[in-house]
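Each structure below appears as structure tokens.
Two complexes, one shared chain (chain A), two partners (chain B, chain C).
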Partner chain A sequence: MLDNFLTGTATLFGDPFTVGIFIFGVIGGMLFGAIPGVSMLTLAAILLPFTADLSPSQGVMLFAVIYCTGTYGGAITAILFNIPGAPENAPTAFDGYPMTQKGMAGKAVGAAVLCSAVGGVASAIVMMSATEPLAQWAIMNIGPPEIFALVFFGLAVASSVGGRTIWKGWLSVLLGLLIATIGQDPVGGINRFNFGFSDLAAGIAFVPAILGFFAVSEIFVQAEKKVSGNYSAPKFSVDFPTFFELWAHKIAVIRSILVGFFCGILPGIGATLAAFMGYGEAVRWSKNKSDFGKGKLEGVISSETANNAATGAAMIPLLALGLPGGALTAMMVAVFQMHDLEPGPLVFYNSPDLIWIVFAGMFYANLSILFIGLLETKTILYLLKIPFQFLAPMILMLASIGAYISRGLVLDVIVMFAAGVIGFLLRRSGYSIPGIVLGLILGKIGEQNFAQGMQMVHYDLGTYFSRPICTILIIAGVLTLVKSLHSAFFAKHVES
Partner chain B sequence: MGNLKNSDLVEIVFWLLIAVIFFSVSFNFNQPIEIYKFGATGWPRVILALIGLAALGNLYHSFKNGSKTQKGRVGASEAPDQVYYSSLTDYLKTAWILVIPLLYAISLKPVGFYFGTPFFIALVMLAWGERRVKFILLSTLFIYALLIILFMFILNAPLPQGNVSPFYDFSAFMLKMKTQFDQLF
Partner chain C sequence: MNFNFRTPISAVVTAAALTAFTGAALAGECRVSEASMAKPGGFPDRALTMIVPYGPGGGSGQVAAAMAEAVTELTSVSINRDHKPGGSGTVGMTAYMAAPADGYTVLEHIDDASSAHALDSSKPNPAVDLIPLVISQVTFSQIYIRTNETRYTDWPSFVEWVRAQDGKATIANVSKEGSMERVIMKFITEASDMEIQQISFDKGAPRYGALLGGQVDALFEQPGDVRKFLDADNFKPILTVFNERPGAFSDVPTHKEMGMDFEPLLRFRGFYVHKDAPSDRVDWLKWAFQRGYCEDSYQAFNESKFMTVIDSYRDTDGAIEMINGAIAQYRDVYKQMGLDVK
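After this line comes the complex of A and B, so read on.
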């Protein structure tokens, strides 16, 4: 492994043009992740056509680097403005934004930098040392029933965070699942709920919906506060967390690395569910559960460690099985296909150079988060000093361009603003925006794997539950549900 | 009526309407799939049934507890603080803030990005309560120039050009300028 890694490093840094692409990916991912309104997906969508002029290894490495640094960059906007740069940063906002409101933005961003780097580097090391055996294990043990079971468990966890009550949590997740059914059904390709619009046959695209629910709705919330005289600018601070503050959360970091890696390795699941599960587990094991959501450092640490730990793991199903774990890894498949390559087991034998330059690129990109992240953090915190009446149109414009660019459809911009209005109204009523987005992302994956699983077991539930991983995950999901239902009927309530 | 408020009734009507409308539309694609027993409607109908159940649960919760937050809900503070409107003007101002972006999005196809954007930026600032004319003009110019430089000149991103004259002609003029700029280097 070490020889291959050193060879990959030498190839990466031996060619000035490849180094330039690496640096561009690191800085581009961080910037696009950290600018409210656009995300790493916007940058990736713009860059996709240009990768045809690069070599396959340079193209895939560029996207892998953007994936690592963009996942971290999205935490900045989640913490400073309550606008997650990507869905995987949504749980970061639960505690990150309250920390900003309390004047602790520097601590939250500092923790995000360090934990993103730690999670990402740990994940890259495991990925490099164990991609092939882990891929083999996944092939043998993970099938559609297990993936559906994990989606079920993930949705059960998501419904228990965000939203003023469990019912509102569930309605949010179910709305996301319903939106995901728009477009062709994943088994027979039959058009559903397109209401006569041919553009809806392809379904509601993730990028505009996510931008609308997260970025646009937050702008509307702030605008309403401004109009009604309730607006207060976020507090500025550059105090970083101390070493001891971070060391006190070492168990949370280790737990989130494990959770993140497990979620990332499963095809189609990716970093979003990893972040929710990392956060959910932190709440589950905490002695002070009620502090979460009010500005607890552990919330930021758990979410950011888990989502970056998933980035390395998400490359395993992509490279070993050819199955993307999210929107950005799906674009990587497109990069492969542009060069007449197919990701899958044969890539390891036919293109080892490509594999190891990508692994080396991801490892160094995660290290860069630590150094460049700490350097840029103090500068980025000054975003809080920009008046929001200037920042708001800027964010809305960037979001409009981001929504339009991914498919070149004006409909996507309309969908984004409509999602913004719906998100604004639902947030006012205490519904959970991250719940809607997670339902939207996991809906199609869940349905597809449920259908395939049912076909596999010939609709026999006994066979379905004879698979241990599947059974454990389903039971965990049911227990989460029962517990939340119990608290819905018997928990005390506080004035909102 | 317990602790129910009008807004709770609006919520239940909203969710049940969604469930009923989508359920009735689902008959449009209620075709069997040979390889899949539950067909194209199975999954969405289960979701709709669960929406109905959760909406009833939500109504029951509001009946018993009003709009109180369930204790121990993590991340519930992401819901915005209660905002009170003192007059009809405040409602209209908020409605205006919500409508401007939708109008801009709908106008993108006929008007295009290049012509419509400066007006949109200025309108958003006005809607936000900004009244300093110099600030609005300079900020609009700055944001517009930044977007054009980043997306048009550096990233070469394709942006909507509009399909109605003279807006389309304006987009063509901008693109021609960009081509001439490229030829300089």
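After this line comes the complex of A and C, so read on.
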């Protein structure tokens, strides 16, 4: 492996043009990842035709690098302005933005940079070590019932995040699940709750919903404070987390690497589920669950480690089996095909050079996050010095563009503002915005896999329990639920 | 059954077989004689927009990219692709119908637009509300099993095994209500007197992974979408849903040979313009897209996707005939299935 990696490294850095492509991918991914709506997918779609003029290894390496740095890029805006650049950065905002409000933006951003790099590098190393056996294991053992069980397990802790009480946390999650049912059902294609609007047939898109619930509702909250004279500007800080602060979270990092890698390796799942699951597991194992959603460094660490850990993992089913894990890896298939190649087992035999340039590119892209990210952080934090009356319209304008541009539908801008108003009102009443978003995103994934799983077990729910991984995850989820309900009742008893 | 792509070398042999068949079926032959056409009134004097109702990585996204590249090569007119996925193509179609009918916006769509209209006539009819510029991909469906499968090895043994499972056998599919896949599977199961549970996967990767990993027993798909698995010897077809054996799959029996008497529904992808677009612009667009089909880059793309195995080309008249035929056939089937045809 080491020989191959060194050969890949030498090829990558031995040609100035290839180095230029690498640097372009690193910076382009970070920039496009940071702008909501205009995600790394937009950049990839723009670049796709041009990859025909590159060599196959340059083209695939470029997309792999964009995937790594683009997944990290959205963390900065999530932390500083409550605007996740993409759905996989949404859990980062749960605690990252409250940290900014507490004057700890530097620590949050520093942790996001470092943990993205650590998660990505660890994932790249595992990817280089064991792509083929891991891919085979995943497709043999993980099907829709297991993915549903994983989502159920993840949702079981969601009530603990951000709500004033556990009951309000649960109602928030259920509202998210309800919103997730809008649009065609994922198996039969039957329209639900679209009220005759064909644009709603595709359901509520994640990007405008996230922008509304996070960014727009936050503007309303801050505007209300400004009007009532309670506004205080976020304290400017460039204090990065200390080594000891990060070392204290080493278990969270390792756990998120494992969770992110596991989610990333599943075909069709990818970094979004990884980030939410990584965050959820941090909450599950914490002794101070109620601190999450209020500015806990561990929340940022868990989410950002997990989503970048998913990037290397998502390459495994793509390269070993030809099964893309998400939209960007699906576009990588097109890059392969433009050069008369197909990802899959044969590519290891036919194009080993390509494989190792891509592996080396991903490894160094994740390392680059550390260096360029820290440099970027030192400059971008100064945006916090912009007064609210100038910053708020800029954020609203950016969010509106982001909501519109992802699908080019005015409906998405309306959805964003509606989510902003609903989010504002619910926050005032102590409901949990992270809970709603968790319900919305995990609900869509969970419903689809539950329906597919039920078809696979012939609508016999008991058969779910004949699958060991599925059984373990469901039992663990049920235990978490019971514990949560017990806590809720106990809390009520104490209050009364 | 001898069909096999055991090594990359055999894949080359297959490509040669495809090429041989291509000539016989006129599959890749250019049927537009004019190599150039004057722009009517300077149209287009700016880039065209192509609305694609599916994501950029899937079959529609790829054919849209290939055709856009070919038309741009031919005419030097840029084409911006605007992907509007969701709702089985509904979102993109709605956006297209709301766009100005000035010829600057074209639409890529698949046979789902025809089946959607067949089920609900208030939805746009691609042969009436739109003008087909060209249909550039026409393909058939097949049923695949794992190559290393031992429980069954061909269609007769598969049917026998499925019957013995008493409805517990599974097949991965895109079985949305009224979809081409679900309709064909209804025909197949009824004609074969077997019950099989269809598992609906809307994305290709989980669908193919389900068969590779043994989560399902078979897969319903079109050959171009699983070519890499055929080349890698992961999958093998055991039934072709087409009236005759395509040359590249000469060892695979057709549904008719297996005693199933129904007309196969085909998957087709094409390009359209609004019916109210100025006629001289429509004529130019027809020429550009039909001639774009002839470009080497597009032909190479189609060949890589098994789209030259049967004749993939329909000009405007041929496309209208194909769409009308599909709509009539879907309507009949939907009524038989007891669906609420509006």
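Operating definition for what follows: the second predicted complex is superposed on the first by the 329 of 496 C-alpha atoms of A that agree within 3 Å, B and C clash if a C-alpha of one lies under 4 Å from a C-alpha of the other, contacts with A are read in each partner's own complex, and residues count from 1 in each chain.
Everything that follows uses one rule, which is that a residue touches a chain if its C-beta (ideal position, glycine included) is under 8 Å from a C-beta of that chain, and two chains touch if they have at least 3 such contacts.
These numbers were taken from a predicted model, which means no experiment stands behind them.
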(Q) Quick check on the superposed pair: does A:P98 touch chain B, chain C, both, or neither? Answer first, second, both or neither. (A) first
Should A:I139 be classified as contacting the first partner (chain B), the second (chain C), both, or neither?
second
* Asked: Once the shared chain is lined up, is A:V187 touching chain B (first), chain C (second), both, or neither of them?
  -> both
**Report entry** Partner chain in contact with A:L177 - chain B first, chain C second, else both or neither
**Finding:** first
Between chain B and chain C, more residues of chain A are touched by B
A:V421 contacts which: chain B (first), chain C (second), both, neither?
first
_Which of chain B and chain C A:G408 touches, first, second, both or neither_ = both
- Message: After the superposition on A, what does A:M456 contact: first (chain B), second (chain C), both or neither?
- Response: second
- Message: One more residue to check, A:D199. First (chain B), second (chain C), both or neither?
- Response: second
Check: chain A residues flagged as touching chain B and also chain C 187-188, 190-191, 408, 451, 455
Per the touch rule, the chain C residues reaching chain A in their complex are 8, 55-58, 61-62, 65, 68-69, 81-88, 90-91, 93-95, 167-168, 170, 175-179, 197-203, 205-206, 208-210, 212-216, 227-229, 231-232, 234, 304
Seen from chain A, its contact residues with chain C in the complex are 41, 44-45, 48-49, 52, 138-144, 183-184, 186-191, 198-199, 201-203, 205, 267-268, 317, 321-325, 327, 330-331, 333-334, 337, 340, 342-346, 350, 407-409, 448, 451-452, 455-456, 458
So, in the complex, the side of chain B touching chain A is made of residues 7, 11, 15, 18, 22, 25-26, 29, 31, 33, 35-40, 43-44, 47-48, 50-51, 54-55, 57-58, 61, 65, 67-86, 90, 93-94, 97-98, 101-102, 104-106, 108-109, 113, 117, 120-121, 124-125, 127-130, 139-140, 143, 146-147, 151, 155, 157-160
Chain B partner, complex, touching residues on chain A are 46, 82, 91, 93-94, 97-98, 160-171, 174-175, 177-178, 181, 185, 187-188, 190-193, 195, 216, 220-221, 223-228, 230, 279, 283, 289-290, 292-294, 388-390, 392-394, 396-398, 400-401, 404-405, 408, 410, 413-414, 416-418, 420-421, 424, 427-434, 447, 450-451, 454-455, 459, 487-488, 491-496
